[in-house]
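Just below sit the structures, each encoded as structure tokens.
Each of the next two complexes has chain A plus one more chain, namely chain B in the first and chain C in the second.
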Partner chain A sequence: MNQQIDEAQEAEPMETEQSTKKRRVVVPGEVIVSGEDFLPSEGARREGQDILASRFGLAEEAGRVIKVIPITGAFIPRRNSVVLGRVTQITLNGWVIDIDAASSGFLPIDESPRFINKNEMDQFLAIGDVVAAKIWSINVRGIDLTLKGKGLGKLEGGFIFRVSPNSVPRIIGREGSMISLIKERTGCDIGAGQNGWVWVQSDNLDSQIQARKAIEFVSENVHVDGLTEKVEGLLNK
Partner chain B sequence: MSSMKSAGITIDTFKKLFTAGKRFDGRGLMEYRPFEVNFEVSNCAEGSARVRLGKSEVIVGVKMNIDKPYPDSPDKGNLMVSADLLPLASPRFEAGPPKFDAIELPRLVDRAIRESGMINLKELVVTPGEKVWTVIIDIYPINADGNLIDAASIGAAAALKSAVIPGITEAGTPDYKHRTKKKLPLSDETLPLSITVFKLGNTLFLDPTREEEEASETRTTFGVSKWKGSYMINSCQKSAPVCLTRAEIEEIAKLLPKKYDELNERLKKFL
Partner chain C sequence: MAFKRIDGRKNSDLRPITAKIGVIPNADGSALFAFGNTIAIAAVYGPRLLHPQHMQDPETGILRVNYDLLSFSVNDRKKPGPSRRSQEISKVTEWALSPVLDLKEFPNTVIDVQIYIIQADAGTRTAGINAASMALAHAGIPMRNLVCSVAVGKQDKEIVVDLTKAEEDFDGGEGPTDFPLAKIANTDQYTLLQLDGKIPAERVSEVLTIADQAFANIYEAQKKALKEEFS
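Moving on to the complex of A and B:
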């Protein structure tokens, strides 16, 4: 199930863990490079000759393009992101789902993977249940979600905790390397949503605690080099 | 919008963990997080303290003003406690008129301090029946990671200990520029602290983090102090409809003196 959540994530533009590109930590207003040759991308802006950071994060030079990968900040919903959310309300034609974004998500009854009787909607998803859903569209009314897709659906057992949404790509790692390392060593099922909610499930309480520790360690040390080895060291203790 | 309630599966996991006596941060169920207290964090206040209890952080300031006494206590100074749950402290707090929690927090701290007799309000009279000192305690959470009530009460006790009385001008108004070295009329014996006991499922626990607090089913705050060698419960308030059993209350009664001594010892290191 959780393997599938990660597969569903693969459409995401993921930050790779080991990058050969040069990176350094910048604060808003800091000059990253000067010169006409460079182009500001996400999180950067041009002022005269200089390219400045407009967010706190890691500055990255990819050829002529300069961008800043944010370290802090709220979750900004994007189309096709897989998020974890909590059912907060059942309406006539769907579920209202809190996805920890500025507006709540809506999961229409037609977007559930099988036929649901409108009178028995809480049999499928009750208030307080957690789902892995994909953002299907973002419009003025709000965020529409879907459960149609591989690995999406209700999450059974385990628990949910929150990390910074910006550290989620690092938690997943290059092609899921970091998350599968933690899964392998702790024997837990783990799923991470792009909104920073992480789901961990195991029958063993201690391995749940260990998995959470490892994930929080990754989340707090996003900009550290050689993180995989450090996590391995942490898990071997 | 941010989720206020925990997900159903998270609550179930917490129940299992607590039944096994475990917590995510490795503490015991009845163990407080380490805390530290800094003084003189505000130069406008007569006394101030910043408390860091784990990741929870609270700034408490004491301000003194000369006011009329209340009609029912002409021979006593006034005590006011207020709190502002700043949106910067937590995504759960919104700007706007104070909500339930923002009213409850200062009232709990107020009762714990007032009923313990820590401040001898009778010594705060300037002119009997006309002018008395008003002690204003302001509580500002800077980061809310659970158990704000206990953090605020530690901060309030610490800030009161560090407060000095300002001078009085000839017109009878407080002279904030020339502070006296006179401390507030505080009892040396008693130091009120609040101890909040939380319950989830069938287990009691202390000092929750934010997620543990959100998962908990009920909460009871005790204002505890020590007077002439015996422990006193000065105030007590329970929230939420889930009840406590008799056995649990007896357990709490045994627990409170131990925890009070522990917190008291730890706080005294900073005073």
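Moving on to the complex of A and C:
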């Protein structure tokens, strides 16, 4: 099942591509490029002749389009992101789920993968249970989640821990390469949510610890080149 | 006799600046900024849901600043907890920073900024604003620009920049003057202007000129600290 969590995540745009695009760190208000030919995208704006950064991050020039990729900060929910969350409340028609964002997520009973009797909701998801869910919509009332999709659902056993949400794309790797490497070597089931929550499960305690260490290593060394080789070395020890 | 500052600096010299980000691992963004012996640390949390609910604004997120001079930061232990002074400084810091922020993307939320002065030797609000501006950038909050802040003062008739506590207490000649300023970097927009003491109106432009040079140095230090961490 958890193989599938990552497949669901692969649909997301990857920020880890080691492409030939020019990148550098910029501070808010810094001029990235000058000239009429460029178009400001996310995190950038135009002021007269100049394209300026509107936030701290990595400025990227992709042809004429300039954007600033976040490298720090809290999780900002986006549509279609797969997140891990914990059930905090059961209401008449769904579950309230803490996804570590500014507002909590709501999972309506209709968005569960099979029919659930309203009187037996806690048999499917009880308070404290951990789920992998997809953000289905973000509106003024809050964040709506769904469990309909490949690899989504309740996560049984194991443990969860937090890493920086900005390092999650690197933990997953290009087309899931990094996370499948760690899974393969440690024999653990691993799920990473875009909100920075990571779930690890295995029968072997040592390999769980090893998997967690490897993930934390990736999270702390996001900007290092050749990270896959280093993680491999770490796992071979 | 020519005028000489207590610590031998030139009138336009700042104390040595220390700037660093990521000093508080559990915060979404954090920074340390020091002018000599004045050390401020700032932590940013959020955007997160705002409580009490009646303060929520459905059109935009809000900024909430808390400035605190810690009890061990001064020679005579300061009684801990909020005071009239710390409330005032929290408020002016909030006003100094909010013009650069754009929180329209985060309705009903708050961005909490905690500023702690861990060692005080005058100029704590300005060091706090510098630290908070870096911490907000580090937390990835959308902002137009960084904010730089410095205090200018008067020693008798001499206008000097970045006073120490000893200079601030100077009471010869025309008496002590403290003039804290904050400016949006690379613009001519001031977001903080306070005055404690006396200064002739025609000398204010002199103050702004001398401060401008200091702002440039502070901005470079802030920029360097932010970039260093990720290269």
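Following the convention adopted for this analysis, the second predicted complex is superposed on the first by the 235 of 237 C-alpha atoms of A that agree within 3 Å, B and C clash if a C-alpha of one lies under 4 Å from a C-alpha of the other, contacts with A are read in each partner's own complex, and residues count from 1 in each chain.
One rule holds in what follows: a residue touches a chain if its C-beta (ideal position, glycine included) is under 8 Å from a C-beta of that chain, and two chains touch if they have at least 3 such contacts.
This structure is a prediction, so every number in the text was calculated from the model and none was measured.
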Worksheet item: Does the chain A-based superposition show chain B and chain C clashing or fitting?
Response: clash
Discussion item. Per the contact definition in the header, classify A:T146: touching chain B only (first), chain C only (second), both, or neither.
Written reply: neither
Fill in: Which superposed partner A:G73 touches (first chain B, second chain C, both, neither)
second
Discussion item. For A:S103, using the defined touch cut-off, is the partner it touches chain B, chain C, both, or neither? Pick first, second, both or neither.
Written reply: both
Practice prompt. Using the touch definition from the top, say if A:R212 reaches chain B (first), chain C (second), both or neither.
Written response: first
Worksheet item: Now for A:T228: first (chain B), second (chain C), both, or neither, which partner does it touch?
Response: neither
Worksheet item: Touching A:T88 in the superposition: chain B (first), chain C (second), both, neither?
Response: first
Worksheet entry | Stretch of chain C, among 76-84, 130-138 or 184-192, that runs into chain B once the two complexes are superposed | 76-84
Discussion item. On chain A, which stretch or stretches are contacted by chain B in one complex as well as by chain C in the other?
Written reply: 102-103
Worksheet item: Which residues of chain A touch chain C in the complex?
Response: 25, 27-30, 43, 54-58, 70-74, 76, 102-103, 140, 166, 223
Worksheet entry | Residues on chain C engaged by chain A in the complex (per definition of touch) | 28-29, 45-49, 58, 100, 102, 105-109, 137-146, 184-186, 222-223, 226-227, 230-231
Worksheet entry | Residues of chain B that touch chain A when the two form their complex | 1-3, 5-14, 16-17, 20, 22, 24, 26, 211
Worksheet entry | Sites on chain A touched by chain B in the complex | 86, 88, 98, 100, 102-104, 126, 128-130, 155-161, 205-206, 208-209, 212
